[in-house]
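You will see subunit A twice below: alongside subunit B first, and alongside subunit C after that.
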Partner chain A sequence: MVELYILLIFMILGAIVAIEVKDLLSSVVAVGAVGLGLSIVFLVLKAPDVAITQLVVEILCLIILIRATLKRDLPFSTSGRWVFNTFVTVGFIALFLFAAMKCLKDLPEFGYPAMRVASTYLKEGLSKTGATNLVSSVILDYRAYDTLGEATILFTAVIGVLAVVRRIGRKRVEEKIKEEDE
Partner chain B sequence: MSKEHEKGMSLIVKTITRLTVGLILLYGIYIVLHGHVSPGGGFAGGVIIALSFIHLMLAYGKETALRKLSKAAASFFESMGAILFLGIALLGFTGGYFFLNFISKGEPFKLFSAGIIPLCNIAICLKVGAGLFAIFVALVLLKFDSEKR
Partner chain C sequence: MAVYLLCLVLFSLGLYCILRKRNIIKIIVGVIIAEYAVNLFFILVAYRMKGRSPILSPDAEILNMVDPLPHALVLTAIVIGLATTALLVAIAMRIYEKYGTFDITKIRELRG
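Moving on, here comes the complex of A and B:
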């Protein structure tokens, strides 16, 4: 468990650096470090499926963010009502810590015992679905409705992005927003 | 920005990309096809396949990558993946209910086992890979009026 806490502290430090640093590119790199730490946490907790997905999606997001922030002067506001903002932040942190203290007391101990549904999957997953990767048998057989919903969300996201950033209208050639590589 | 920079990165990057991009694509396909035997699955494999095309685009510029997989083709594969997934789910009605595993289970630890799960993995891989590549192309190639100059 010690390495878990070290990784958690590393991730919290990375998140603080990502917020506080002035340079946008350094901030993106710090976010990537947080994602890598999270991936290693999943690996330590023996969840290789989630670790692979986290690592790969993190790389993709990082590439998009770097392409978006590199060589571009984005508006970056640091001034403002910082007293009010600090009070609101501290208030919400206190509220969430209070709620967590109330709720987490009732949860079972970490990783023990396996719940009733999960133990059923572990026992009967192989014989009922034939898939040796139990995660795959859960997300594509027992809980395939959830995967269908997730696929619908991704489909809607892609359609939305393609609709929002398409070439606008049919104007004359010189007025058109050009799609060019940098 | 220099003239040759518009067509991608330097010669070193291009050579390394030429050697590695096929392996990355192959690894993505491996992860998808073995999603029911070993860790991985449709989502992770699809993202790796999308990353191989993005790798090509970053190193060689947009023309080379869009010649391999154009934006229209990406949209087509994305919709095709969604329809395939839904179609596999609907085919379960031949045996009784939605998402029924209607193909025989086969032998564990074999590539051809687990009924519809590998087919669902392939459908999700098509969807995720093509969809994320389309998002990347749309977001990266977008240029606003103020930045044109």
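Moving on, here comes the complex of A and C:
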């Protein structure tokens, strides 16, 4: 399990670079490195389906973010209540970590999961659904409504993006307001 | 347990980025990092020592497989994450067109 630790530390370093670097394009590229590292971590943890999906989604996400940041670099403002903001943020994160540490004690130990539901899927998955890949049998058969909801959210988000990005409707409204003002 | 701690550190970095940074693109980066950490946590919970990936084959030892249920949940969560990221970036680009900046404090000053 040494490679898991190495990859996790690599991801944390990449995240620190992504957060602290001044250049926006460099920040986006560092996020891409974190995502590809996450894909390899999934592969190490024996989740090939998730690793493939993560790879594809990461590349698409990177394209979208680079489209947003290209030629739009701007200097960071450092004015304002720097000490107060940092203090409040760090205090909040410390509170979160304290609560999370208490919750971690109740989890089963790493490597020995409590498979109450999944043991049934593993035993009866092939005979009931006929799929040799048990992840797809869970996605498309046992929890198909989950996937239906996912598709609903996906298309709702696409409608939202189209409504925000499109220009024709917005211009007409502004023209009407101008005409009313005149 | 140390693996869970590293995962929590990654989530905390994303949280810090969301709460502290002023550039909208940096905030989106923080959201993405936190989302990665949550996905990673689910897959870590599902892992079983010396386990196989949950794909059946004739010589399969069923007892030794990793948990397929969190894999399915994370698979849907990743795709939803892409959709929400696209929506965030679209709103950020619209804000840039309207105000000419990514800085959230400047946007607040321009209100009214």
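General observations
Here is the rule we go by: the second predicted complex is superposed on the first by the 159 of 182 C-alpha atoms of A that agree within 3 Å, B and C clash if a C-alpha of one lies under 4 Å from a C-alpha of the other, contacts with A are read in each partner's own complex, and residues count from 1 in each chain.
Criterion: contacts are C-beta pairs under 8 Å (C-beta built on N, C-alpha and C of every residue); 3 or more make two chains touch, one makes a residue touch a chain.
Nothing here was measured: the structure is a model prediction, and the numbers come from that model.
Taken together through their common subunit A, the two structures put subunit B and subunit C side by side without a clash.
Residue contacts after overlaying the shared chain place A:Ile16 against subunit C, while subunit B stays out of touching range. By the touch criterion defined above, A:Thr120 lies against neither subunit B nor subunit C after alignment on the C-alpha atoms of chain A. In the superposed model, A:Ser26 lies in contact with neither subunit B nor subunit C. In the superposition on chain A, A:Leu4 makes contact with subunit C only, while subunit B stays out of contact range. In the superposition on chain A, A:Ile64 makes contact with both subunit B and subunit C. In the superposition on chain A, the chain among subunit B and subunit C reaching more residues of subunit A is C. With both structures placed on the common chain, the touch criterion links A:Val161 to subunit B and to subunit C. Contacts of A:Val41 after superposition on the shared chain: subunit C is touched, whereas subunit B is not. Once chain A of one complex is fitted onto chain A of the other, the partner contacts of A:Gly130 are limited to subunit B, with no touch recorded for subunit C.
Subunit B and subunit C never share a C-alpha pair closer than 5 Å once the two structures are laid over each other. Once the two complexes are overlaid on chain A, the subunit A residues touched by subunit B in the first and by subunit C in the second are 48-49, 53, 57, 60, 64, 67-68, 72, 126, 132-133, 135, 137, 139, 147, 154, 157-158, 161, 165. On the side of subunit A, the complex with subunit B involves touching residues 48-49, 52-53, 56-57, 59-60, 63-64, 67-68, 72, 126, 129-133, 135-137, 139-141, 144-145, 147-148, 151-152, 154-155, 157-158, 161-162, 165-166, 177-182. Residues of subunit A that touch subunit C in their complex: 1, 4-5, 8-9, 11-12, 15-16, 18-19, 24, 27-28, 31, 34-35, 38, 41-42, 45-50, 53-54, 57, 60-61, 64-65, 67-69, 72, 74, 76-77, 80, 85-86, 88-90, 92-93, 96-97, 100, 104, 107-113, 115, 117-118, 121-123, 125-126, 132-135, 137-139, 143, 146-147, 150, 153-154, 157-158, 160-161, 164-165.
Taken in their complex, subunit C has these residues touching subunit A: 1-10, 12-17, 19-23, 25-26, 28-30, 32-33, 36, 39-40, 43-49, 51-57, 62, 65-69, 71-76, 78-87, 89-94, 96, 101-103, 105-106. By the touch criterion stated above, subunit B contacts subunit A in their complex at residues 1, 6, 31, 35-44, 47-48, 50-51, 54, 58, 61-62, 75, 78-79, 81-82, 85-86, 89, 98-99, 101, 105-106, 108-109, 113-117, 120-121, 124, 127-128, 131-132, 134-136, 138-145, 147-148.
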